[in-house]
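Each structure below is given as C-alpha cells.
Consider the two complexes below, in which chain A is the common component and chain B and chain C are the respective partners.
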Partner chain A sequence: MSHSQSSRTALLWHIGVWALFALVIVVLPYIFTSSSSISMMSQMGVFIIFALSYNMLLGQAGMLSFGHAVYFGLGGFFTLHAIRAVNDEVWQFPLELMPLIGGAGGLAFGILFGSISTRRAGVTFAMITLGIGSMVESSANMFTDFFGGESGISGNRVTDVTLFGFSYGPSIQVYYLIGAWTVIAAVAMYLLTKTPLGRISNAVRDNPERAQFVGYNTTIARFIQFSLSGFFAGIAGGLFAIMFEIMTAPNVGLVQSGAVLLMTFIGGVGLFFGPIIGAVLVTYMHTALSGFSEGWILYFGLMFVFMVMYAPGGIAGVIYAHAAPWRAGLFRRLLPGYLLALIPALLAIAGLVAVVEMGYQLSLAYDPSSPIELFYMQINATSVVSWLVALLVLAAGIGGVLGAARVVRARWAEVNRSMQAPGAKT
Partner chain B sequence: MSDALTLANVHKRFGETPIIRGVDLAVAPGERHAIIGPNGAGKSTLFNLISGRYTPSEGEISLHGKRISGLAPHQINRRGLSRSFQITNLFQNMTVFENLRCSLLWAQGYKYSFWHLVGRQAALNEAAEQWLERLGLSARRDVPASLLTYAEQRTLEIGTTIAGGADVILLDEPTAGMGLAERDHTMAMISEVTQGKTLLMVEHDMGVVFELADRISVLVYGQVIASDTPEAIRANAAVQEAYLGEAH
Partner chain C sequence: MLESIVFSVLNGLLYGMLLFMLASGLTLIFGMMGVLNFAHASFYMLGAYCAYTISSYTNFWVALILAPLFVGFLGALTERFGLRNVHKHGHVAELLLTFGLVYVIDELVVLIWGQIPVNYAIPPSLDFTLFTLFGTSFPAYRAFILFVAVAMFVAIYLLLVRTRVGMIIRAALSHPEMVGALGHDVPRIFTLVFAFGTGLAGLAGVMAGNYYITEPGMAFSMGPIVFVVVVFGGLGSLGGALAASLIIGLVTTFAVSLNYSVADLLAAVGLGLDGENIAGGLAHIDLSRIGQMLPYLMMVLILIFRPRGLMGARES
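Let's turn to the complex of A and B:
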C-alpha cells in the first residue's frame, strides 16, 4: 500500500469518526429527553471543550496548570458582559458567535498571564499558575463592576439578535448551540495537534533540551500553546455563560481549576479523546450521583485515587492498552479474568457504599436510627449487625478482587508472550 | 576562509572549581576532529560550552568567525551547529518517523506554525522518509523511540542531530556502550551521513578515533596539551605520558 493511499484511508477514517461524534450529539436528545438530561448533556459539551483545552497544556505540552479556570471564567464574564450590552441595545452581535467573545477574552488573558508563567516549566510553572489563579479569584472581590461582587453578574441570552432565527430560550436550542461549538472546537483542537506547533509542543513535553537542539525556543512554543489553550477555555466559558446566564467569582477559582484537572486526568491525558471521556463521566457523576448521595465527592475522590494508583493513563489509557490484544485477536483470552474480577468488585463497591452511607446517616441524619434505602433493602445505620455485614461484604469483595487480579495478571502475561512471539501479527 | 569553529582562551569554573582552564582550538571547515582525554578532563563540559548548554566564564567561542558564546542552544542550532548526547536524548513518546520529522521542522521554516498540517507537507515528509532510509530505520518507522534497541536509539540520536542540516556537528561518544560489530556499523553510518560536514567528536574508543579523525586534540585537566594529526599524536611523548601511557 502506497503512502498516499494509506493517508487517504486515514483521512476518511478521521472524517468518519468526527461525523459519528457529531451524529451522537445530534441524536442524544431523542434518547434522553428529560429537561434534566438536556441540561446535563449541555454541561458535558461545555466541559468537553474545557477539558480538551486543558489537555493542550497537560497532555500535549507537559504543563501542569492549577489555574486554568481563569481563562474559562474570564471568557464567561466577557461573554455575559457582551450579552448584557446586546440586552441594553448598545451593541448588536449574534448569540451564536458570542462564545468567540469568550475565546478572545481567554486568549487575551492567556497571552498576558502566559507570558509570565511559561517562562518556567515544571513545578515552578505549576506554582505560578496557582498564584495567578488565586490572584484572579481574589481580585473578583475588588473589581466588582466586572465580576459583580458576591452575586455575580447575569444577563438574558434571548437577545433577539441571532444568525439562524432561533430564540435560544428553550434549553434544547442551547443544547444544539453547545453541541455545534463542541464539534467545531474539538475538531480544531484535534487538528492543532497535527501542526508544527502541536508536534513541537509534544517535543517540548518529551525532551525540552533536545527540542532546543533542533532549533526551537521552548519558552515560545509553550507560550503559544498556552495562549491558544486559553482561547478554547474561553469558548467553553462563553458557552457556560450562555447556558446558565450567570457568572460568579468561583467560576474563575481554584476549585473549578481543580475540577478540570481531575476530569482530564480521569479521562486520560495521553490520548486526544481521553478528556472527552473524563468530561462526560465527571459531569455525569457530578449531576446524577450528587442527587443520590451526600457522599458523592468521597466516591469521586476514591475513584481519583484509584485511577492515579492503578491506571495513571486514565480511562483512555486503559482502553488503549487493550487495542493491541484486540487487533491480535487475543482479547477474549483476557475476558475470563475480568469476569472473575467483576463479581467481587461489585461486592466490594456495595460494601463500601453501605459503610459510607451508614456513616453519613449516623453523622448527618436528624434521626440516625431511621432506616436508609439501599440496594432495595432497608438498612439501619445504628445496628451493629448492619455494620458487620457491610464490612464483611467489603472484606470479601476486596479479597475476591485480589484473587482475581492474579488471574488477570497471568492472562495478560500470556497475551503479551503470544504477541511478542515470532510471527505474531501485531 | 575562517575556521568552522574557534575556541579562544575558553575558561569554565563551577563556583571556585576550574573545569576548563584556557582552551584554544580551531576546527577547519570539513575537518573531522576528535577530542580525547582521560575521565574528568572536561570533554563533556567543553561540548556543553560549545553547544550553549553552559556559558563560558571567560573567553570566546565562534562559529564561522561569528561569536556564539552567550547565545541560547536554539540560537546556536539555528546558526548551523548541532550536537548529539552521550546519554540518548530523544523524544521518547514519539515514533522514529516523528522524531526525524520534528528535527526537520525548524530547518524547513515551519517555525511555530499552527496553520499547516504536518501530514500534508509533502517535502517535509519526503525528507523524513529519506532520513529513515539513510539511517536504515525504515522497518522501525512507527515504533516509539523508547521501544528501540540501544543501537537503534544511538542511530536515531545521530540522525536527529544531523537531519536538521547543520554543517558543524558535535558527537558526544557516539559509539559508547556498543559491541564491535555495532560500532563498525555506526562508524560507517557516521562517515556516510557527515560527508562534507565539519565534525567534532568526543570518543573513548581509540580505534574509532585514529580511524576516522583528521586531527586529534588531547584534553587533560581542562587544557589542550596537543592538537595534531593521528600519527603525530601517537608519537607525542607528552601525550603518551599524560594519557595513552596510562592504558598500558
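Let's turn to the complex of A and C:
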C-alpha cells in the first residue's frame, strides 16, 4: 500500500467516525423522546465540550487545573448578558452564534489568567489555578452587577434574531443547537491535536526539559494551549447559559471545576475520546443516581479514587488496553478471568451500596427505622442483622475480587507472552 | 476605634494561628514528600468530629490527645494503602488521589454524623472570660488556642532541627536512596511524616471545631485558604507558613471589621467620587466584601512577583 493511499484511508476512516458521532447525536432524540432525556442529553453535549476542553490541559499538556470552571462560567455569564442585551434591543446578534461570545470571554480570561499560571508547571500550576478559581468565585460578591449576587443572572433565550428561523423555545431545538456545537467544537479540538501546537503540547507534557532543549518555549506552548482551552470552555458555558437561561456564582466555582476534573479523569485522559465517555457517563449517573440516593457523591468519589489507583487511564484506557489482544485474536483467553471476577465484583458493589445506604438512612432519615427499598428488598437500617449481612457480602465480594484478580493477571501475562512471541500476528 | 483595632489584632492572630496549625502539617508533608495533600482540610474536619464523639463519651482533654492520634492513624493508612501505590505515577497522580479523598471523606462525615452541625462545645473548665478590655470580654479558650498553636510550632521546629529523627526525615527528603542505603526504611519514614502531618490537621480540628461550628461544610470553607497560606509562605517552609498564616489572618480580619471603601477614604481627603462610572463603582465596594477575595488576590500577586513565596527555598 503506498503512502498516499494509506493516509487517504486514514482520512476516510476519521471522517467516517465523526460522521457516525454526528449521526448518533441526530438520531438519539428519536429513540429517547421524553423531555427529561432530551434535557439530559443536552447537558451531556455541554459537558462533552467542557470535558474535552479540560483534557486539552490535563491529557494533552499534562496541566492539572482546579479552576477550569472559571472560563466555563464566565463564558456563560458573558453569553447571558449578550442575550439580555439583544432582548433589550441594544444590539443584534443571532442566538446560534451566541456561544462564540462565551468563547471570546473564556479566551480573554484564559489569556489573562493563563499568562500568570502557565509560567509554572506541575503541582504549583495546580495550586495557582485553585487560587484563581477561588478568587473569581469570591469576587462574585463584589461585582454584583455582573454576577447578579445570590440569585444570579437570568435571561430569556428566545430572541427575534436567529440565523435559521427557529425560535429555540422548545428544548428539542436547543438540543440540536447544542448537538451542532458539540460536533463543531469536538472536531476543532481533535484537529488541534494534529497541529504542531498539539504535538508540542504532548512533548511539553512528556519531557519538558527535552522539549526546551530542542528549542521550544514550554511556557508559550502551555500558554497557547491554556488560552484555547479557555475558549472551548467558554463555548460550553455559553451553551449551558442558553440551555438553563440562568447563571449563578457557583458556576465559576470550585465544585464545578472539580466536577469536570472528575468526569474527564473517569472517562480517560490518555485518549481523545475519553472525556466524551466520562461526560456522558457522569451526567447520566448524576441524573439517574441523585434522584434516589443521597450518596451519589460518595459513589463518585470512591469510583474516582479506585480509578486513580488501579486504572489511571480511565475507562478509555481500559478499553484501549484490550485493543491489541482483540486484534491478535487473544481476547477470549482473557474472558474466563473477567467472568470469574464479575460475580464477586457485583457482590462487593451490592454490599457497599447496602452499607452506604443504611448509613445514610441512620444519619439523615427522619425515621431511621423505616425500611429502605434496595435490590427489590425491604431493608431495615436499624437492625444489626442487616448490617452484618451487608458487611459479610461486602467482605466476601472483596475477597472474591482479590482472588479473581490473580487469575486475571495470570491470563494477561500469558496473553502478553503470546503477543510478543515470534510469529505472532499483531 | 482603638477597641476595634485591638480586638481585630487579637482575632486576626487567633485566626492566623489556627490557619498555621493546618498549614504547618500541609507544608511539612509537601516539604518532606513532595505530596500536596488536597484532603488536608478534610482531615481537619475529621479531627473536629472525632473530638466531638470522644468528648461525648469522656471529656475534652482525652479528645485533645486521642483525636489527633486517630486522625494521624487514618493518615498513615491513607499513605500506606493509597499514596504509596500511586507514587510511581508521579506527583500529579498523588494529588488526584487526595482530591478524590476529599469527596469520600466529606461524604463519609455526612454518612456518619449527619448533615446538621453537631454540638461540640468548649470544655467548661476553659469556658470563662480571661480579661475584659474596653468593655469587651476575651474568652479563655481563645488564649488556649493561641497557646497550643505556639507550643506546636516550637515542638515541630525542635523535632525537625534538634533531634535525630528530624535529621533523618530531612535527609530522606533530599537523598532518599542514600538514607535507604544507610539502613533506614524510607517508605516507613514517609508514612510517619504523612501521619504526623494529618495528625496536626486533626489537632487543628479539635481546637477549631468548638471555636467555630463542627459541620460538614467546615472542610470546604477552610481548604482553599490553607492552600493559599502554604503557597504564600513558600511551599515546604515552616517559618513561611507561620508568617503567611499571621499576615492572611490579620488582613482578612481587618478587612471584615473595617467597613470602609476606597471612596470613603478618598472622600476623607477631599476627593469625591460618584458610583456611576466603573472606577467609581469599584471604589464604592466595601472593604468587607473584598475581604473574602483578598487572600487569593495576594496569592496571585506573590506568584507573579515572587514565585517561591515569602520564604520558600525552591520555585516548585
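Just so it is clear, the second predicted complex is superposed on the first by the 426 of 426 C-alpha atoms of A that agree within 3 Å, B and C clash if a C-alpha of one lies under 4 Å from a C-alpha of the other, contacts with A are read in each partner's own complex, and residues count from 1 in each chain.
By our rule, a residue touches a chain if its C-beta (ideal position, glycine included) is under 8 Å from a C-beta of that chain, and two chains touch if they have at least 3 such contacts.
The structure displayed is predicted, hence computed values, not measured ones.
Once the complexes are laid over each other on chain A, chain B and chain C both fit without any clash. Centres of mass aside, this uses C-alpha centres: at chain A, the angle toward chain B and chain C in the superposed model is 80 degrees, to the nearest 10.
In the superposition on chain A, contact of A:G317 is made with neither chain B nor chain C. One of chain B and chain C touches more residues of chain A, and that partner is C.
In the superposed model, A:K194 makes contact with chain B only, not with chain C.
Once the two complexes are laid over each other on the shared chain, residue contacts for A:S134 go to chain C alone; chain B is not touched. Shared-chain residue A:P368: touches no atom of chain B or chain C.
In the overlay built on the shared chain, the residue A:G149 is in contact with neither chain B nor chain C.
When the two complexes are overlaid on their common chain A, residue A:Y216 makes contact with chain B while staying clear of chain C.
Put simply, chain B and chain C get as close as 14 Å, counting only Cα atoms, in the superposed view. Of all residues in chain C, only 34, 36, 82, 85-86, 89, 91-93, 95-97, 99-104, 106-108, 110-115, 224-225, 227-228, 230-231, 235, 281, 285, 289-290, 292-293, 296-297, 299-300, 303-304, 307, 315-316 touch chain A in the complex they form. Chain B makes touch with chain A in their complex at residues 51, 53, 72-74, 77-78, 82-83, 85, 89-94, 98, 101-103, 105-107, 110-119, 125, 129, 160-161, 164. Only residues 3, 7, 191-192, 194-200, 202-203, 205-207, 209-218, 220-221, 224, 228 of chain A touch chain B when the two sit together in their complex. Taken in their complex, chain A has these residues touching chain C: 62, 64, 66, 116, 119-124, 126-128, 130-132, 134-135, 138-139, 141-142, 145, 254, 258, 261-262, 265, 294-295, 297-298, 300-302, 304-305, 308-309, 312, 356, 359-360, 363-364.
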